[in-house]
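In the two assemblies presented below, subunit A is common to both, partnered first by subunit B and then by subunit C.
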Partner chain A sequence: MSGLTSLGAAQAGVSSGIESITDLLVVILDLNPIWWSEQLDNGVENGNGPPSQQYGLAPTLDQILIFLNSYLLIHPGNQVVVLGCLHSRSYFLYPPELINMPTDMPSDSRPEAFRIVNHTVQRAIQHILLQTSPDGEPAAGGEEKRETVFVGALSRSLCYIHRMQRESPKGQFVQGRVLVIEAGPDSSSHYMHFINTIFTAQKMNVKIDACVLGEDSILLQQAVDLTGGLYVKVENPGGVVQVLNSVFILDGAERSTMSVPEKIQVDYRAACFCHQKLIEVGYVCSVCLSVFCAFSPMCSTCQSTFKFMTGIKKRKPTDPTSSVPSPSSSSAAVAAVATKKARNGTGPNSNGKA
Partner chain B sequence: MANMTDEPDEQGYRWETEYERTWEVLQEDATGSLTASVQDVVLGIKRRRLLERKPNLRLGMMRHLFVILDMSDSMRDQDLRPNRLFCVLRLLENFINEFFDQNPIGQLGVITTRNKRADRLTELAGNPKKHIDALQTLRTTDPHGETTLQNSLELAAQTLRNIPSHASREIILIFGSLSSCDPGNIYDTTRMLRECNIRCSVIGLAAEVSICKTLAKETVGEYSVALDEPHLKDILMSHIVPPPVSSNSDSFLIRMGFPQQKALDRLDEFSFCMCHLDQPEPKTRYGQPGYFCPVCVTKYCELPVECRVCGLTLVSAPHLARSYHHLFPVEAFEEVPKEEIELLADKKCFGCLTETPHSDKSGTTHRFRCKVCQRTFCIDCDLFIHDTLHSCPGCASSAAKTE
Partner chain C sequence: MTSAVSSTDPAMVDHKSLYAYLSTLPSSLLENLYRHPNPSLCMAIFRDLTPMAQKFVLRQLFIEQILPKSVFTSWITPEGKKDHDDAVRLLNDLKIWSEAPSTAGLMGWKLNEHFRKGIQAIVVGGGPSWSGDDQPTAEETTPKDIPFIQNYARERWDVVLHFLAGLSGASQISRDTVEVLTNAGLIRGSNSTESGITQNGFRFLLMDTPSQVWRFILAYLHTVPKWGMDLIECISFIFQLSFSQIGKHYSTIGFSSNQLRTLQHFREYGLIYMRSKKSSRYYPTNLVVNLSAGAGLNTSAFSEGYIIVETNYRIMVYTDSPLKIAVVSYFSDMLYRFPNLALGMITRESIRRALMKGISTDEIIKFLRMHAHPQMRENNPVLPSTLTDQIKLWEMERERCVFADGVLYNNFLSQKDFEMLRNYASDLGVAMCSNAANKVVVVSPEGHDQVRAFWKRQKKE
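Presenting the complex of A and B:
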């Protein structure tokens, strides 16, 4: 499969001297203990309900491991990295960060590489969920919250991809991709970290894919849309492996040849800093870029006082040098906005769109 | 800003300062190779640049920048490969992409000067592709004649002085020649630029030219002379970060639109987009999803853009948020002292799991610690975090809210 990628890249990268491409898949796994235990409780409460409607960590993990194995199987050059994220922490699961590479591998008929990955990931998750982490924080419960913060894991995976690209031998290129498997709801903290990370991924040409088990995630939808990845919400707990294997197994050039889920429409409206409501037309402070829904004489974020725009409108016609107006120059545009504002008062959205 | 005005003169000339034995810093490693040692020096320089960055100045976020490109005879010189012009063009393309990546709401224009004339290559606009396409056409243009400093500065000022005062007005002059052919007194132009609050930075390709130095000094810009291609690239890249805003600029509230992307399902909703209207095949974009201006419902394919009908600046929330990292930069990491390196619980870099080698002869530990979350990083991750990522993975992973 990667043969296709390298072909396409070879055509594209003749000038840059790239001979082969290695695919590196980073999987970020949401280990939020509260969400997973809630799922378990729900299953126990409606004991007579169909058991297939709840996610269990162990069965889901098994499905994810099957996916990782298939990914490794598809091309000998493929590499995987697995990270786990909790509300306030993130860990590398493979290659392991907390535990040593396990040596006592149970021997079975599976290929060595699969066994190492599966065993290491399982061990690392056990370690995180059962034992106290080195920080002294309880690994489960206590300070954990229901929301998931995957930003830390995401930025760490970019660091890792960056390292792999740096260390790759000449003529080889490591093409990174991140797959976030999120269970719990979004957390709105760390939004700035999130945006910086997403734009970095975009710049590094790293696609971010999202596979959501719980409720829809607005953050991940934005990430996917900005980096050109895919977003899938899994409806059936037993069908995780099907979704992973049919949608997320291929990347790069091959994806265009497959039937993949349609792109989602993402809401890019800004929320104003004053009332946290989504707006279509707003006012932005020229110093700190805070967004407000109505005109105010002073910025509540950076304390700068604002002048009224009308001053420019008056000055402009008297300016002798502006005899050659440039239609696309923003001065004209801003003046137009000022005129409009002077006419309409502050009504931001009288027209609205259909 | 004070540091910019009074610094350069006190330094004196390079040949008057103490003799530097630059080669003594380099040391061979076990295999007799110098590569690692040289790399250390290079990374050290990069890190020093990070440390010099001053936090929390008022920055001119809405940048309006004219790049004036010298196209005179002197650009044929081959001291930069293949010649000065081609080298500069290649770096400029890079610069323009990076500029719009880091300053999504900024605007840029290009002016060329050759044969004693100044020509506007592109108007101030926000689309990187347009500028790069225009720069491509310069590859077939022959550099010719003399450059004119005054005409090109006046041309840039003509547009820039009409920009509202909340925006930062800047000129970057890439100057290859050692002389200029001007119609009048250049000092009048310099004074005018200063009065208009236009910041002029000059990048020299040949040698230091006094008038350029004066120009940069008067207008609180920076003057630098490129030694070689990597140095030229570094200088250009240093202009990516928004400059501190001049004290007497005003602040405004600017009206902006945040359009939503909308797919069109019904045939009567189909429309042309404004951005491809003047291109030969606007039909191909007919009926495609797009962003609709919330005031006049004009369709655009891409953001950020300025509505051609009502002049509203249309941006998306991530674009605004993209600029925030200039205002809240990641604080420079501190190097972990030699004594503490053994006590570290975590021997691996938090970002990429590299096990950093033990301290070498030079006494550096190659481990850097974030002052907020106390995680340690290797030097490559340190640079990556500060140059590209702009957020500390350690802080992003911890529960403490940083915003």
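Presenting the complex of A and C:
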């Protein structure tokens, strides 16, 4: 009898139908020219500080390329996709969307496949920055342009991963992962789309990692926490490659056998839908769960009118700890419930896929 | 001959055998390999390391000072202990790591400087080119496209397999190739009494093409010193080939006579394509590109699936190649042959015949899955589980009997005598079996002396 059970065990690996897994890494690169040039200016102005304390686009890019090469080096089946992200646009840098695959590359000691990736990314970035700097993108106010919106790039990378999974031959599974390298500050516009994208990633079992060069990003922390990725803020501009090569090169299985940075305390503040501000206390639409920082009689997202008993306004300030939820605690509760639901969703989902 | 080639363990023939092969080389030779100006070998070795060993090297890559051993243990979680020990052993075996005191005086692991330089050159760039692709390509007037090269590679490689399978009408292959095949233990040498394919040869034919090529190359490397060629030069050339791009052509200008000879050999096996023997251009084929990546990368790229197996054990082979039919008939009974189709049955006898040839059921199942017809691949699982289970059961059937030597004690005069001896033997743990009705005990050879002495003592009393 024991023979038959062991047969069953041997068969289990077979019947899942997956013979090999290909790793696909999508790197989203923050190319916001304003942030990068500010870094450059600061470096020049603060002549007293060591220049190494400022990020330069070229040196940082070199380090990122070394990381990409290392990733390709680890396993011949590994694939990379690089996206560049501006204030309101994103481009595929590799495989290139704007330029042709470069054919005339000076050869050096890198293998040809690596060189193609490196040169394509470099030239695509050059192309984008040369195009955007003079008149560039549609002016949306100087303040906002400092910020980079990742929603577009994230959803495009998820689409790309999905396409690869669908197109892969039977028996092969493409395991996608997204690494966001953020430079500038967060942009809380499109908050709802951002969170929806993150939930999609969670459903697809795609981890989102974040490597932050500038100030801490609350949005990316939420994304990382929801998808089970890693979040690291780089302190030293010269150490980007070391961080990338020691932390972000680890794939899913290795994160249990090698020590990784501790989970960060995540700030789960939501951005309100009316002014795109991160708020702690707000109003939540009971129909579509939209968050608002100020009260309005009608939900601007789902157009439902709020019918309420008289006296709600009185009750709110008087007793915040009572069992009747005040708007503030209900918004928190809603956020928490949404997180929990989505978390529970990942478990069976991943099983189903495997 | 080393274990890498002569071993019968199926695990030894997968891509991990690069490690098995390299660890047999003397350390001075390894050092010379890392020192070689062409870093492709460092790259091949790096890819062959375990994931954790790779991460250790990557973390150390840009840190010049020696890190104490405790740093490496701090990088892992308790679950990673085993992987860590494996990685340390592997890196030491390959001489990538050596023990050295760190700045704080603690013992640490030092990364081989040549290996570090090699990997750095690969990820950072800046060093001289090693793939030879920077030469002008204008002189090739009509470059060959990828399908042509793939076809050529398949044809040439099939010639080697045809010869191996001993099929009539196989075209002749060179003496050097026969020597390599003999060295690999795939065929018996012509001087021995029975020539022809060996057990390993059968198993070789059932492997996927990348594993076949890889195993063949290892045998080739073993044979190289016998021809008086430089091993290091040959190894680095092979890895250089394996990292080149398919569909591109490279120049042979500046090649040494040894490299030219290797080139001619590889041309024969279909690893590279050359227009003529004297041509100064060569195209690497899909057989040699990504060679060190080993099996399982792009198996389907080498051949279309052509086998359909049904739950009633009927097997259909959609091919007219005698080689493919011959391989399938190793483990099935062929019934009918049509112009593009051969029909057979998988039976208990046919599987047992294969098992007696030394082919394992895992190899058979893997072969069937690998060459499954596109229509079969729609199924999940690809092969009907009744079939795979039954094949496994037929294999286990052969393992029902375990043979062991033993000494029989019988003709006891009384039940009491029998019981006394049986109890003594079973207390010692040497009784293999006993039967009270027939009064027989079988004792293992190790316990025989002791039991006999006991019996003699008892009889005297």
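Please note the rule applied: the second predicted complex is superposed on the first by the 242 of 354 C-alpha atoms of A that agree within 3 Å, B and C clash if a C-alpha of one lies under 4 Å from a C-alpha of the other, contacts with A are read in each partner's own complex, and residues count from 1 in each chain.
As a working rule, a residue touches a chain if its C-beta (ideal position, glycine included) is under 8 Å from a C-beta of that chain, and two chains touch if they have at least 3 such contacts.
Source: prediction; values computed, not measured.
Look at A:Val284: by the touch rule set out above, it reaches subunit B but stays clear of subunit C.
After superposition on the shared chain, subunit A has more residues touched by B, the comparison being subunit B against subunit C. In the superposition on chain A, contact is made by A:Arg163 with subunit B only, not with subunit C. When the two structures are aligned on the shared chain, A:Met101 is found in touch with neither subunit B nor subunit C.
Touch criterion met: A:Thr197 reaches subunit B, while subunit C stays clear of it. In the superposition on chain A, A:Gly77 makes contact with subunit C only, not with subunit B. Shared-chain residue A:Ile218: touches no atom of subunit B or subunit C. Looking at the shared chain after the overlay, A:Gln242 reaches subunit C, while subunit B stays out of its contact range. In the superposition on chain A, no residue of subunit A contacts both subunit B and subunit C.
Of all residues in subunit B, those touching subunit A in their complex are 58, 61-62, 64, 101, 105, 107, 123-125, 158-159, 161-167, 245, 250-263, 269, 289, 292-297, 303, 306, 310-313, 316-318, 320-325, 327-328, 345-346, 348-354, 380-381, 384-385, 388-399, 401-403.
Per the touch definition, subunit A reaches subunit C in the complex via residues 3, 7, 10-11, 14-15, 17, 19-20, 66, 69-70, 73-77, 106-115, 118, 169-171, 241-242, 245-246, 249-251, 253-254, 256-259.
For subunit A in complex with subunit B, the residues that touch the partner chain are 85, 87-90, 92, 95, 97, 134, 143, 145, 149, 151-156, 158-160, 162-163, 166, 189-200, 203-204, 222, 226, 265-271, 279-289, 291-292, 295-296, 299, 304-307, 309, 312, 316, 319, 321-322, 324, 326, 328-334, 336-337, 340-341, 348-349, 351-354.
By the touch criterion given at the top, residues 39-40, 43, 46-47, 51-52, 54-55, 58-59, 61-63, 74-77, 79-80, 83, 119, 121-131, 133-134, 243-245, 290, 293, 296-297, 300, 365, 369, 377-378, 380-383, 385, 388-389, 392-393, 396 of subunit C touch subunit A in their complex.
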